[in-house]
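You will see chain A twice below: alongside chain B first, and alongside chain C after that.
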Partner chain A sequence: MKVRLNGVDEVLDGEMTLDELVARLGIEPTNLVIELNGAVLSREEWPAHSVHEGDAIEMVRFVGGG
Partner chain B sequence: MTTAAAHLRIRINALPVEVEAGATLFGVRAAHKPDADVAILNGFPLAEDRVLADGDEVVLIRRGERPSADELRAQMVSRHGPGVHEKVERACIGIAGCGGLGSAVAVALARTGVGRLVLVDFDVVEPSNLNRQQFFVDQLGEPKVRALKANLERINPYIAVEAIDRRLTLENIPETFAACDVVAECFDNPAMKRDIVLAMRRALPDTPLVTVSGIAGTGPSNAIRTRRAFRNVWVVGDGESAAQPGRGLLAPRVGIAASHQANKVLRLILGEHDTED
Partner chain C sequence: MSGKPLEKLVIAGVELHSRLFVGTGKFASPQAMAQAVEASGTELVTVALRRVDVRDPHDRTLAALDLTKYRLLPNTSGARNADEAVRLARLARAATGTAWLKLEVTPDPNYLLPDPIETLRAAETLVAEGFVVLPYINADPVLAKRLEDVGCATVMPLGSPIGSNRGLRTADQLRIIIEQARVPVVVDAGIGMPSHAAEAIEMGADAVLVNTALAVASDPVAMARAFRLAVQAAELARQAGPGPVSDRASASSPLTGFLHESKGASA
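Our next item is the complex of A and B:
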C-alpha cells in the first residue's frame, strides 16, 4: 500500500491506524502532531483514524526550546 | 513679467519639500527645524554648511526628541521600499510566548512597523533570561509582556502593542488570537507547541501559524531552516535539537530562529501564503 509520508512515497504493509503507524515507524509519540489528508489530529484521535492507499501523512514532533 | 524661481525638490526627514535653488543645509535647518542639533546630508552628519542639490536627503535631529508619527512613518517607507509599509502597518500579529523567540520576533516586527502586536506570556523576567532574551537588567522581576511592550515603545512609539499577562491553553488560544492575521508560536514548552497547532487548526484554520522546533545548542546555523509542515503551519528549526541539560538555549541560534520566524511572518503579511519556506 503506497502512501505519501512527509512528502516522500512510502510503502506500508496494509492498512493500520495512526497510532499503529507511529509505533511501526518507531517514532516517539510525545508532542507529535499528525496531519492526515489535511486534517490535523491529536494523539487521542489516532486510534480512530486508519491510513489508506494514497493517503498524505505529515508528521511533526515538537521539541522544547524558545 | 516675472519668471518662476527654479526650485529644488529635496526631502527633509523623508518628507518631500521644495526649496529655492541656492538653498543651503543650514538655511533649511533655520527655516524648518532651528533647534536641530544634528544636520545630516545624504547620510553624512555635517558641521559645515553646503549648498543643496535637487534630490538631496536632509535629516534634522534634535537629540532626545521623538519624531512625529508622519516623520517616522516616512523614514520607514523610504527604507522599506514601495508596497511593504502599507501592508505591514495594517497587520496584526500574535506572539505566543515572549521569551527568547517571542521577544526577538516582536523587536524585529516592531522595527518593521507592524501596526499591531498582541504579546502573550505569563512569566516574569529572570536573570537567566538575559542570555538571549530582549530584556534588560533593570527589568528583572517585571512581567515579560509589560517589559517587552516598554522596549517596543522605545523602538516605535506609534505601533499598537497589546500586552496580555496570561497562561495560554488549548482552550484560550483561539479567543486570544482571533483578531490576528498571523501568529508566531514562541513557546519554550514542547507540549504547548503541539497544542497551539491543534488549537489554531481547529478554531482558526485560515490564520497562518509559524512554529519552532529544534534550536538549542551550538549546532550549525545552516541546519536551521523554515519549511511548511501542515496547511497554514510552518516550522522553523533543525527539528531535533531539544533544550536539555548539557544543551542550553543560546542567543545566536535562538536569534537565527527568531529571525527566520519574523521573516516568514513578514512574507505572509506580504501575501506569500503558498510558499514552502
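Our next item is the complex of A and C:
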C-alpha cells in the first residue's frame, strides 16, 4: 500500500493502525503527533485509525527551537 | 527609564516569577541547552515543531531537559502564512498538551520579519479555537493594539531581527507599545547582551525572550546567569523608582563652601 509519509512516497506492507505504524518505524511516541489527511490525532486516537492506500500522513514532534 | 510600576507578570491567569523566557534552539549540545535553561532561572521555554525523520527518528535536542520543570511555549516557526501557522498550532497543541502558542509568521528568510497581516488573521482564528496566543511582531504599536483587541494574551515585539544580537533598535516604537498595552509586552528577538534585556525591562517591558544570545555564547551557562542577573537588576531598578531624566545638570555635591568663594574683607 502506497502512502505519503512526511512528504515522501512510502510503501507499507499490509494493514495497520497508526500506533502499529509508529511501532514498526521504530519511532519513540513521546511528544509525537500525527496528522492523517489533515486531521490532527493525538496518541490516544492512533489505535482507532487504520492506514489506507493514498493516505497523507505527517508525523511531527517538538524539538529545540526559539 | 520608565516610571511604570512593576506589576506581577500574569499571562492567561498564570503568574510567572521569572521575566526571562528562553528559547531552546541552536545550542551546541542538548546538555549545554539544558544547563543554560536551568541557569537562566526561566519558567517558560519555547520549542519548535518539526517533521520526524523517519529514517532517523530520534530527536535528541530536548533529551537533556526536564520538561516537567518548565511551561512549554511551542512556536509556529516555519509558517509562511496564516493557514500554515494555524495548522502548526493545532499540531503543537496536540504534541505538547498546552494551548499556549508563540505565533510567528515569517515569509522572508533573510530577515525573518513577521508578516503583520497573516499574523493578525491567524491570531483571530487561534483565539477563537481557545489558544493562548503570544504573537511575535514587528515593533508596530497599531498592530500591537489590534492583536490585543482580538484577544491575544501578550504582544511580543522584536528589538531587532531574530538571531542578530543587535539589541533594541526599535526602542522608540517599543516605548509606545509599552505605554499603550493592556496585555504583557515581551520583547522578543535581537536581544544579544544582558544590557539589552535590562534596557527592555527598565523601559517597562514585562519580560524578554532570549535564545541565540545564550545558544551561541562560548559559555552558554555563564551567559544565562548574566541574563538572569541583568533582568533581576532591572526589576529592582523599576521597584526602586527611577529618578527623573533632565537635559541640564543637577549637581550631586553641595553648592556651598567652595574654596573660590570670597565674601569680602574680614578682620
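Basically, the second predicted complex is superposed on the first by the 63 of 66 C-alpha atoms of A that agree within 3 Å, B and C clash if a C-alpha of one lies under 4 Å from a C-alpha of the other, contacts with A are read in each partner's own complex, and residues count from 1 in each chain.
Methods note: a residue touches a chain if its C-beta (ideal position, glycine included) is under 8 Å from a C-beta of that chain, and two chains touch if they have at least 3 such contacts.
These figures come from a predicted structure and were not determined experimentally.
Within the superposed three-chain model, A:G26 lies in touch with chain C and out of touch with chain B [touch as defined at top]. Contacts of A:G14 after superposition: neither chain B nor chain C is touched. Look at A:L5: by the touch rule set out above, it reaches chain C but stays clear of chain B.
When the two structures are aligned on the shared chain, A:G66 is found in touch with chain B and with chain C. Which of chain B and chain C touches more residues of chain A: that partner is C. When both complexes are overlaid on chain A, the residue A:E58 reaches chain B and chain C alike. Overlap of the chain B and chain C interfaces on chain A comprises residues 31-33, 35, 40, 42, 58, 60-66.
Every residue of chain C that touches chain A in the complex is listed here, in rising order: 23-27, 30, 33, 46-52, 54, 57-59, 61-62, 72, 74-75, 77, 87, 90-92, 94-96, 162-163, 209, 211-212.
Taken in their complex, chain A has these residues touching chain B: 30-33, 35, 38, 40, 42, 58, 60-66.
Across the complex, chain B meets chain A through its residues 97, 99-102, 186-191, 193-194, 197-198, 201-202, 211-216, 229-231, 233, 235, 239-244, 249, 254.
Chain A contributes residues 5-8, 10, 25-28, 31-33, 35, 40-42, 58-66 to its touches with chain C in the complex.
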